[in-house]
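Both of the next two complexes hold chain A, though its partner changes from chain B to chain C.
Coming up: the complex of A and B.
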């Protein structure tokens, strides 16, 4: 362990533990997932940074969306994101979640992922190399240190706006709102 | 007074050593795979992280199941002698086993089922289909390894003429170790060790790729942290039991832990290289080779007595 970090560990153990134990839920939407097996296995070995893949959203705190997001998968992404326990961090992998990428004019993919769930960081490229994942992780560490990786807090604060965006896409969602939400309250009043 | 100190001390040792063993397991697997691997204290970081996360509950039973499993494992630790001897020897201390006078091996056998049962209760309350599949696999696997395990224990008990674990350890330290006096039982017990620990090739209960980590599918946050601790203590219990039954315990805690480390390394090497088997193959295996070996040994031991 780095000796400079002992003071940090004593000051805020939860934050440091969140930094060094990122259990990742890889959402394999598209071609980006092919870059993940080298990341987590022998060649690049993400486990030395404490990053291991987990099987269910309940156990994870890093959500990585690897590839384009079609309308159908967006539903699953929202549900998976809402099932993860706080604090949680989201990273968009590849150019497709950023702005649609090569599917910029597709009728069936969404172009901006951060309109529907909060995203803490992006990894640009088509495809990003596995090294880019590690650069992203070190950036995420700095963000967590500075308290800027606050996507889960933004989701809570602006849930009404996110929910509205989600409802604009799907007309009606099959699950109730996660947080109390002003637009829902308004509808109830009518 | 020493009794109270021991009651505090032995679960503490089990916790520290068990968590370090979990970290060591990840490091060993990484090195066998030619990776660098996580730091050895990584499970501690993981547990702190899980404790800090918001936990989701599916009702009282969901959380009580975890507590039951953890309590069962902690009580089991107190029934197992962790080194020490009554005989006069250099560097020896008195037997570290707070509940040595209550029941011995038979109680240990029953209490070891508390872990799986508690987890089954909690996972059942979550009503997740993956969890139900995991629970049914866990129960079948328990059925598979309990048969050879019972035969092994019968052979050991009739060899040393006692159901008390401290008595069995003392006899082994006077004469020869269990691995020499009941060799086939030792082999059988070693073959079912991975099944009792739930590691490869018998990690089909918490298979992440097939059934989304089975009974743990709905657990997160604090509950998952407690389950990780339970896993660590269960690991300690099973390997300590193996050392007590076949490797003669230890004259003091240090030798006991060294023997545990040796058994653990052997099991983890197997864990690192083998793939996962299906549940029916696991049962077929457990009821064939370990059962046959244990049965032959039991027959020999009982007839020669």
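Coming up: the complex of A and C.
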């Protein structure tokens, strides 16, 4: 262990533990997922950074969206995100989740992921190399240290706005709001 | 194999146009109503694999062209080098207004998802299909999105462009 960090460990052990044991939800979308097997296996070995893929969202706290997001996938992403326990961090991987990338005028892929779920950081590129994942992770550490990786808090705060955007795309969401809020469907019923 | 098949087809069915594209490949244009019989005939002549079902929108002619891509399974290694190899494109033209075709699921069972896909992307109706519900898409589109008169840019502007950013 890095001796310089002992003070930090003593001050906020939970935060440090969180930071060094990121559990990535094994959720694949788009082409970018092809870079994830080398990242987590021997060649680049993400476990050096304390990252390990987990099978269910209920065990994970790192969510990487690895490519273009079609409407059907977005639905699954929202559900997965809402199932993850706090604190949780989202990273958009590749240019497609950032602004649509080369799918910017596709009839079935969304353009800006951060209008539907909060995102803590982006990795630009089409597609980014595994090294970029580790750069992103070290940046994420810094953000967690400074308390700026607060996507899950922003989601609670602005839940009404997020939910409204989600409902603008999907007329019927099959699940009730995660936090109490006036959804469009509710208003229409009233 | 191809020349004899061509002769048989032209002799058996009325209104069938056969073009031989290559030694082992031909394209068959059949009237809409005779698709099931021609398909069954081709299946019995050894083209037992429906590889793909696709559709082309000829908007100027006001037609859809539905294409059945047929090949045959190779049974022995030697088949790959012999002239047993076959590749047949069975095409039919239907009007763009109220496009409908008979489903061919009773001949090739794997046509089911292909027909569903063409139904949702081009709006072609398949009579006798047990469940013509959306396969890939999540929203309702006024015009099916693969038709040439679907304005993708406008749709994207209106749908995704109208969603406001949440913060900042």
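In this text, the second predicted complex is superposed on the first by the 181 of 190 C-alpha atoms of A that agree within 3 Å, B and C clash if a C-alpha of one lies under 4 Å from a C-alpha of the other, contacts with A are read in each partner's own complex, and residues count from 1 in each chain.
In the analysis below, contacts are C-beta pairs under 8 Å (C-beta built on N, C-alpha and C of every residue); 3 or more make two chains touch, one makes a residue touch a chain.
Please read all numbers here as calculations on a predicted model, not as lab measurements.
Chemist: Once the shared chain is lined up, is A:58 touching chain B (first), chain C (second), both, or neither of them?
Modeler: First partner only.
Chemist: In the superposed arrangement, which partner chain does A:153 touch: chain B (first), chain C (second), both, or neither?
Modeler: neither
Chemist: Of the partners chain B and chain C, which touch A:105 in the superposed model: first, second, both, neither?
Modeler: Second partner only, chain C.
Chemist: Does the superposition put A:169 against chain B (first), chain C (second), both, or neither?
Modeler: second
Chemist: Which residues form the common part of the chain A surface touched by chain B and by chain C?
Modeler: none
Chemist: Under the stated contact criterion, what part of chain C meets chain A in this complex?
Modeler: It comes out as residues 136-139, 141, 145, 150, 152-153, 155-156, 159-167.
Chemist: What residues of chain B sit close enough to touch chain A in their complex?
Modeler: 26, 30, 33-39, 41-42, 45-46, 48-49, 51-56, 130, 208-209, 212-213, 216-221, 224
Chemist: So in the complex, the part of chain A that touches chain C is made up of which residues?
Modeler: Interface residues on chain A, with respect to chain C: 70-72, 75, 100, 104-108, 110-112, 114-115, 118, 154, 158, 161-162, 165, 168-171.
Chemist: Which residues, counting only chain A, touch chain B once they are in their complex?
Modeler: These residues of chain A touch chain B: 1, 13-14, 16-18, 20-21, 23, 41-42, 45, 47-50, 53-56, 58-59, 61, 83-87.
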